[in-house]
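Working notes, structure below.
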């Protein structure tokens, strides 16, 4: 089976069943280099729900993606076997059982030798993905784009919700915190103690002020220290300013522009990316233009391009 | 403290902090006849989430409600002490713990001698309310407006979600099923076995075809057999057609008109209503006119009017 | 100058500068039988503003109107000279001065021998129109479609806002209250005293319950007693249920269907209609389909058809 | 391969790649009884474009459809082999070439012994479908739900656009006009001559007034005369009132309610339906609740139920 | 009474009656350091109305605000007593009487020793606030963020509308024009004479070109000359580009980004801010993400943080 | 006839029939310097249709435009005779015949000595405009703002659609490719061969990276080499980022900000602009604020200002 995107000059892009980037849908990750996979769970959301519709929305808007990356100068779908693996059948009523099925499915992906490129769902789904990826690669370097640190300890007594995955990931040994960089952090918080965990574990925080004042080239330079070992990239769409990505659960004003986001993801090209996700796209909070899902689709394309460059 | 609605000829209806029907906000149900109370939980939703924003949306749109019911010819806020008791602090991440806090709060309401008039939230929240109300009144008669029977047994292995409250209510002895009537049922289902529970327990189902063909007066007549004992009314907004109430989690076409819904709620006037809820308003699926929340606010007004007539 | 609508088989309906029903724009009512005219004032609104954009929205949506009325079997634009007279230049900051310019402009229309068919704007604009029309025809019969009686006395100390035009009209002798019928009245009010003015002056109120229970044919029969003398028709779009007309300032659930509204306006065919308005279209509260403005455009077409039948 | 819908109690309905009614996607109609197929062409639209996104929108909203029809008492997917055949690759820039590919694809469907159940696209696509279906069955009886007669002769010199398919169908001998019934016709037209073609060919028109005044049972009775021979059902969503279906290209107020539409489609149960379509769903003109696509999905379910009853 | 914001880890942020930043609602400004107060008047608007719903929209979106400002490194609600004082009961039908009630209420606030932080409403409401604040502090320095100079002389013969408050403020001696700076000015105007008043009185205008070309640090430096004396900050949300703040009455493209706006408000930290407002949020012109109200809520948080730094 | 914009201090900007920038509507370009003209054709669109409603949407939003350009310091409507010439009556069903009528109409404009300033419609309409303009001026220099090169060869076998106008223009000799500059190009493409045509003909491409990294002043400098000969400016609104212009057919993230777009159009002031267009505004994909049409209206104002500076 060839894994080429549908040809938009023969099959209109607005037609056919919507898959990620017009790629074929497959029932198994066997033989793939990159498995595009949806994780429609939003039970970990603390404010606006709706990220359960994220995978479908990103599929729909990804129809506009073409096949060549003119900046990175790569044809990712020629270098890599990439397909749409559908969604994981999450358990809407239970975060614990959802985590189990996510890890089980991602174990399959990883076992098949494929890199997962997941679309959330809320940010809680990153933790069970990390469990699978780290099982194969050991403690992971992390590039984490987000407005929020997501290293809180608990929420209403639960250790799991969309504000805790990275604390859990460090605690569980899935993440090497000295190889973790957060980008885009901003907005009111609860206190300076929100970064105590970072200080304790050596997590680097690149606040939005640094991005804006030092520039994206400076940030890209910071990423270089992660070269070598395996790196997972988790992109919370709320890293991007709500003007560019209003369709999300906990928007924070004053964020990255779409251009900055693209440049920063392309800056991962020198790293050994072994998996990635784009999360927190909640399409019903966006307007009719669905620019948030379109943004997410383009981030996926940049991520798969980055993965392709390493082949 | 007087419990009069704000005067819209002195304080514009679009102004001030939005409370239910321009009524005062109170911190305790003590001294109230009717406690208006929000239950912003939507973790039991099987399709479109968002009913967590239902209480706020209904408060906002209820600013249009005036104080006299010209059909039932009653001034409910003159006859009853009614106020906005705020929302219950649900636990977004756990349906079980949410049920506990709902029941705890509703026990307070009932203990204070007040009738609860709750705004959801998804339909799962009705069960913990019934636990409180039935504790005081014994097994309850039920008038249940809905497109769906909500008597399924479980969902992904959980006994609790928005499709099971009435089965659980019968099983727990909170509901007297022979005094339970469902109105507005319609839409594709899983099979005739979806009504086996009804047959077994004697629950009456008035499908939408009966409403449309026999008329609302005929339905009202059916309600008369519930006279005497305590009756709880649960109104799932999806009983109303999506043209009149698009802002909901599992819309079903072919439903009640807004006029029919109002007439049928007014038809409860002869019953001994001891509590009620309006659930499944999910405002982000509605348009800018927010007609769903407006519909819900009017149903609340009719329900409180019905309650007032019994004084 | 011929006053034919643009031919949609030669000039696409979605194109050109939007005028009412694709009719020519004229700078003066001279020579017209019916003057279509916008009154973009919404300073008299008590809740949701925005009716100032009503005339433009109705123009836009009226592009779908064709030229023959298949129910009334009339070609109104062949029988009558009808054109788009633009909008009145209201004074946004002053209701009193706005009333002056409306009356001044409408006096011109009436003096030219044309019947005004106005598009609001909020309902306050009906009063200055009545001043012009009654100056020519004497006290007018009224068919008033609305959810609200609009016979309140004042608002924050002002005699003029969108809730008072019909009380003022009676007081000023513009309306013969015994020849006034209100249709569609519903929704919570302030008390039975809201109809004291009606009782005192002999205004007939056909509540929504009467329309729904007696039927539109019965209502049409009630209109017959207005035959003979001059009749003005004022149609507040909120007479129609918010499902069919969400784009309005003070929506009330439980109203007329679109079909009922059309039938009832056609029922004016036996009356001597000398002027009319359609008010309270506030398009930003409608969805992208703009069904409210479309409804209003169709009501205008039925009104001009009714006017044409008398020629 | 089994053709069962996805189980929503094991795989959440909001997840996975959206296919029609959670059914499997197939690449060929071979072995099917009913082929669900999208036709995303809207180049024949005279007003609001966008029906090219109709198939995707209906797929998305059809996730809410369950598997048993409680009114017709049939499990259509147990009786019939039904699957999602994807979309036809239309040619956006040419109506003539689009017609060719539609007919070619539909010929395959018909040759495979399957009945087509198509989702538009604008109404122009019905003509090339009729060419395929009539090739097998001979001149077809037609039940045509629509606000408009769609029997105009041409548009800007073209014989093909969304206002001409039924005139062309009669002229080409695909339709037996004496076995053709139109339901729901209404709205301003160009003149009585718009029905000259009907009179000449014996097409029956059931205007909206007849539906509302005589009732749906009377209309159902009219359908009975089509029993026996093959019948094709074409459902233009604008037959339904814009309150229930705002997302369409040429909305007309005063139409069918959702309930009436469902009842009338179920009334086809005694007919020999050999193919059907639901057209003119243009989702970007709908609100966030997407009630138009939901309506269309339910009409599809009723149509496939009707087809199942004949087995 | 403690004035702490609600704890979002115990009470979900989407729940409860919406107050500004989850703070308590109080009925009097007595004892407060900062009085958050809504002014829902939009009768002074020259284009899109709707700012009357601004206070409610900002309350709703402010639920996302947390309690610590990580850039200014301050816990404003620990340093200052801040609460939601509700809205002023404006007079929708009269700008003159509205001004009277605003000044009366603000006099109370100021007399209680509290600083007003008001949410409009259109920009006309700033004038009556200035009357109160200047009565206590004498002629005020002003930092005025806006796309428009708002120093026109009159509108349709009225001295008061949303384009005149700063001319009136200078004329009435409330403003010291040599200590007034306007930031963000742009867009087509009527002529160079639009700045004659500025030249005459020494008002400094920092056009958008200066912000973009010189940078925010340069602008911050300009603010330093206002140090010492009392300064009032008026932030018209249309200073921000419509991509970041579409929900406003007279949007102008080419404006501040959200990041620039935040930085510039933080740059007031060295000034003696004695009052502030955020105006012209008109939520119905925004999309479902309500990013405009969210932006305004964040500006309020920065303003209260700036006020806190001076304690 | 004077060609002054309506005075917004005497006639509210939200009122009257919407023409471009409140200018008079004229039936002929005779005597004009600049003809504002709509071209409501979108049959050449490959993804989201709807640009047929672009001219009306831009007219509506252009009501906010005032008359003086404070950056270029010019009163364009005092220097030039400018009016709204209405729309061209395109042929929705045929791109070939549409091109004929466009060229015919534009020939009239050019023959009258007026410069066309057109509003699309999709980008295909630029080709027939170029045919007219080049007939008068010879091969044109081009400044082309766009996300896409629009130099593809064909689409589904057609030489004409919105992705080919500039290849056709070069082939037909309408464009001098060595005097053509494209600005804003970005997004995934099909391969490096997408720029083979540029290399072959000497078309300069200024990708978005160059704009962002070199700055707008650098780009402006690049434009200088076009001084002297006639230049046509074609502005595809998707050159601007979807945050600032979501209402378009093929949005690409990572684009120009609104400020950059304005600056770059002003940078044409030294060129001999002989015609221009703003295309691909598709308003139904925008939110209620209609910022895309507002952006387009402002670009028109800058273009007409640039034209005025040459007089």
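Here the chain labels run A, B, C, D, E and F in written order, and each chain numbers its own residues starting at 1.
As a working rule, a contact is a pair of C-beta atoms (placed from the backbone, for glycine too) under 8 Å apart; a residue touches a chain by one contact, two chains touch by 3 or more.
All values reported here derive from a predicted model rather than from experimental measurement.
Any chain that touches chain D and also touches chain E is listed here: A, B, C, F.
The greater number of contacting C-beta pairs, out of the two interfaces B-E and A-B, is seen for B-E.
Placing every chain at the mean of its C-alpha atoms, the farthest one from chain C is found to be A. Look at the contact of chain B with chain D and you find different residues on each copy: under half of the numbers used there are shared. Farthest from chain E, judged by the mean position of CA atoms in each chain, is D. For the pair chain B and chain C, the distance between mean C-alpha positions equals 37 Å.
In this assembly, the C-alpha centroid of chain D lies 40 Å from the C-alpha centroid of chain F. Residue positions of chain A touching 2 or more other chains: 10, 12, 14, 46, 48, 52-53, 92, 155-156, 241, 243-244, 257, 284-285, 287-288.
Pairs of chains in mutual contact: A-B, A-D, A-E, A-F, B-C, B-D, B-E, C-D, C-E, C-F, D-F, E-F. Note for the complex: chain C touches chain F at residues 10-12, 14-19, 25, 38, 40, 52-53, 55-56, 59-60, 84, 86-90, 92, 284, 288. Only residues 46-48, 154-156, 186-192, 194, 207-209, 212, 241-244, 246-248, 250-255, 257, 284-287 of chain D touch chain C when the two sit together in their complex. If you check the complex, the residues on chain E that touch chain A are 8-10, 12-14, 63-71, 73, 75, 241, 243-244, 257-259, 261-262, 287-289, 291, 294-295, 298, 301. Interface residues of chain C, counted against chain E in their complex, comprise 42-46, 48-50, 52-53, 91-95, 97, 155-158, 160-161, 284-285.
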